[in-house]
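After the structure tokens below, expect a handful of questions from me.
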Amino acid sequence: MDERVGIIGVGWAGYRPLTPEVSYKELMYEAAVKAYADAGVDPRRDVDSFVTVAEDFIEGTSIFDEYVPDQIGGVLKPVHTIGGDGLHGLATGVMLILTGQAEIVVVEGHSKASNVLTLPHIVAYAQDPILNRPLGWHSSFIAGMEMNRYLFDTGTTIEECGSVVVKNRRNALRNPLAAYGADLDLEEALDGPPLAWPLGERMAAEHADGAIVVVLASAERAEALCEKPVWVLGVGWCNGAASLESREWTYPVYIEAAARQAYRQAGIRQPRLAIDFAEIDDTYAYKELQHMEALGLCRPGEAGALVEEGATEPEGELPVNVSGGSLGMGDLLDANGLARALEAVLQLRGEAGPRQLEEVEIGLVQSWRGVPTTSGAVAVLAN
Amino acid sequence: MTEKITQFPGTPLREADFEGGKILFRHDRMKAEYAWDTGIAIGRYLAALKEGYLLGGYCATCRKTVIPPRTVCEWCFRPMEAFVPLEDTGTVNTYSLCYVTWDVKRIKEPEIPAVIEIDGASPLHGILHKLGEVEQEAVHVGMRVQAVWKPAEEREGAITDILYFKPIEGGAK
Amino acid sequence: MSLLKRDPQAPPAWRGDLPVSSRYTFGLAGERFFRALKDEGVIYGSHCPRCEVTYVPARIFCERCMAELDDWRDVGTRGEVHTFTLLFADLNGGLMDEPELVAFVRIEDGGLVHRLGEVDPEEVYIGMPVEAVLKPKEEREGSITDLAYFKPI
Amino acid sequence: MGMRKVAVVGAGMTKFVRRAQETGKELAWQASRMALGSCELTLDDIEAICLGTAPDSFDGVHMKAEYLSDGAGGWGKPFMRSYVGGGTGVFAPIQGWYHVASGLFDVVLVVCEEKMSSYHPHAQGAFLTIFDHTTERALKPNLLWIFALEMNRYMQTYGISKEDIARVAVKNKRNAADHPCALLGDPDITIQDVLNSEVLAWPVNRLDVSPVSDGAVALVLAAEHVAKRVTDKPVWIQGVGWSLDTAYWANRDLAYPRYVEYAARMAYEMAGIKEPRKEIHIVEPYDPFDYKELHHLEGLLLADRGQAPRLTADGVTARDGDMPVCPSGGLLGVGNPIAAAGLMKVAELFWQLRGEASARQVPGQPKRGLAQAWGDLMQVGTVVILGINP
């Protein structure tokens, strides 16, 4: 990218299974106030455009973007909603700045999953209404089938998937933002009821409430406003096949394509060598392994072994999900991408406290929109 | 259309095509239930409704009183200063005589939705509600109205704790 | 953050729903595919000559090149288990006592997602050849459930 | 502005119908295929997809974009959905604009789709859920309420009669008789027909309202160097603007759409327009209800407040008037599949400015057109300005 875009402020709120003391507006407001203080900007005066990510049926309101501007300071300003993940929102903010039309853009994502009483029914309503939904199944059947084929084709073992759970939930113990930290051994991680064999319940992230706001700025404004901006070197996003019947079940080609787009912009040819740490989607444990391979951090089938050898531990050669990931922090639905980006920003600023990694310069962030989608996004951040 | 394009796709159906097996179709219904956290401002607003009064919010920077209350002023982005109990009287800002229900059933006696500017809030600051005990012809913009509350024991902390707003005779209030 | 105090007496949450009731047509492709399944017990695929892909179930457009697909062909009722799962989770967040044995059965370059029947879960393996078992004609109504399950050949 | 120039180079659309047999995917494909064909490009030439579609409750699919993605050409491509309620149809080309103007892509496909007939028994039922779930929905409001409340406020504030407003419905439905995709084109409709039509929510009568519809529209956008190679008549995106007002719609005056003004000023500034009434030659404001065309013309600064009705009465806004408004036939005539309705207006400007609108062609040499959409709780304005000069 000839022009650089900087992250000059981040703010968050929640990260707990329940946040009954605040409404969704107040949760968003808390994250926004922190982000604006961190960036040193006044939304009413300095911010040119606002981007939020949300889905109507999760919020329980049609045309949810109506209820966004007031609590993030966007009234009578350019505000628009992207039906995608937080990283789709981040990529949108980057594009707005690169047009030259906007200098400071705010990106927001949140989850109030605790307010949704029938989430499996709603997620099932994303299935094809003619081909799949009449069978009346919980959407985890899609993840179960994908995991089974992934293990079959790559030789990855269930134990290797279990070791991802152990790693991420232990990492979460050193992250005050993580709701699901735990000290488990492999046996405990593999135990528990099955969701959709071979996918066990403990290999699927529990949901959490939370809001994240990120303030982006053009290179010029970023340097003026912030001594240590975190630079967005590249962004990429891609969709695969919409239908279950024509998609590729082993390898998420769309994640590879999104990563290629981001790496090309960032000038990265050897991701394994250039990337210092990664925050990757782990909505299901096998996904972290599958995504590592699609992101070119290792060859297909190699991710499992890397995790078991400890290569992706915080002290390993390629730390993955030091934050605890979704397994450790909780699944924030479409805000997951921003949760991953938030950890990367804190690491690259040296503000990650007890889980701070030494001398990190380039972080990889990746997200996936969950079943039944084949939609993912990638960002390469650097300090 | 462009001269080049003559034929446009799209296969229109009539309601009758859905009978007698002419075309295949299926019904479905989404089970989507929620418990939306009311939080600080709206929680208090509902509690006030239960106690039988309307609650607003005051922004000290903009010197404005708004309803319903919110924790941040959308204009200056400063935290709202205080809750402000308001009157249950107001002025009709606009209204309609609606002969169709939300699920498109025709009704003979129209519902009369209205935006009612609430006394005690800043000008143009009102809420959506309905008018009652009023002749259709009498309703007009600027009409003075007062809330008719459910009896205290029936109130549950909801906007429907107010049954409707009725005209104030002679606009004394 | 906020200067306003939270009222512990206030009702913590407002219960409500999002009423969505839908009526779906099957589409131009679905109408033809499911009527053939219902009336003749035939499974159709459609072929894109440019991309050399045969979609199952048949569709009227190729997702890769947007060409219209009018080369529809009977792809038979046999396929192989591309992947499968034993589904325990139910839509109300509980666990089913009787799990569902669900598979994606590969037919040509596509396939169908459905139950496996007349087989024990332990016997199922990726690559297993299977065959569609349709409900009797008079019970069929033009739906994915006209197909009862796939069974091992 | 030194930004990268972006042009519309192709367009396609389906008929707008009351109930389509096609699935939403198939409608999106039909429009996308025609748009690609209109400029002789294939899906391989497209680098990213911008999808616009409004409430998921209409098509009846959660995360509707993912379901529609293959029909919109999203297989194996960067694909994103923008969603600003009724404003989506004019916002989607703005989304396409920033994809290309950012330098990340050279050619993008913008697709808008809506299938309202999948909501059963009637699409109006879905609109209950746009109201605040805690403070308004218990009153069982319907969409007609807020239109009727806004229309009444507008009429009372400026002393506008129902006849003034009905004149817009007549103009647009007659214009739509020349639109091959129109659902309600009617060359013979009269003001009396509109006034005598059944009262839904006074002052709104049945013929004041655009019909619930199914349909899809698609555009191909390209960067300057590609656009000039693909067509000899590229239509340039000269200005974009959008603005979202507070959700507290009962805390502001509904007589004037200030958010439309903010969006218009943003677009005028980008396009370098000082005298909109002189420099805009064709206007396609959002007309889901007839009074909205007038309300929006004023918000767009193309008429003084309360004066838009006089322009209509004097024939200024007729197809052969000084400032043709809704020559397409608008939502009132062509139909209102929400997101696709907004993009239909942008496609209309594309065809008009290339002189390819056949029976609907505006006389003279129009150089610049403005399309505008509106939505949410009377709250969002989206504006796009197209012109034949870069």
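Going in written order, the chains are labelled A, B, C and D, and every chain counts its residues from 1.
Rule of thumb we're sticking to: a residue touches a chain if its C-beta (ideal position, glycine included) is under 8 Å from a C-beta of that chain, and two chains touch if they have at least 3 such contacts.
Keep in mind the model is a prediction, meaning the values are calculated, not measured.
Least step count on the touch graph, chain C to chain D: 1.
Chain pair with the larger contact count among A-C and A-B is A-C, by C-beta pairs in contact. Each chain gets one centre point, the mean of its Cα atoms, and the points for chain B and chain D are 26 Å apart. Work out the mean CA point of chain A and of chain B, and you get 37 Å between them.
Centroid to centroid, with C-alpha atoms defining each point, chain A and chain D lie 34 Å apart.
Residue positions of chain B touching 2 or more other chains: 11, 13, 23, 26-28, 30-43, 46, 70-72, 74, 158.
Residues of chain D found to touch two or more other chains are 19-23, 25, 57, 60, 62, 70-71, 75-76, 120-121, 125-129, 133-134, 246, 248.
Shared interface positions of chain C, i.e. residues touching 2 or more other chains, are given as 1-2, 6, 12-14, 16-18, 20-28, 30-31, 34, 63, 91, 143.
Taken in their complex, chain A has these residues touching chain C: 20-21, 26, 29-30, 33, 56-57, 60-62, 115, 118-121, 124-125, 129-132, 134-138, 140-141, 144-149, 152, 193-199, 241-242, 244-246, 249.
Every residue of chain C that touches chain D in the complex is listed here, in rising order: 14, 16, 18-31, 60-61, 63-66, 68. Those residues of chain B whose C-beta lies close enough to touch chain C in the complex are 11, 13, 18, 23-44, 46-47, 50, 57, 69, 71-72, 79-83, 157-158. Residues 1-4, 23, 25, 54-57, 60-71, 74-86, 91, 95, 97-99, 101-104, 126-127, 129-130, 132-133, 240-248, 258-259, 262, 266, 270, 375-377, 379-380 of chain D are the ones touching chain A in the complex. Within the complex, the chain D residues that touch chain C are 19-23, 25-26, 29, 32-33, 36, 42-44, 57, 60, 70-71, 73, 75-76, 117-121, 125-126, 128-129, 133-134, 137.
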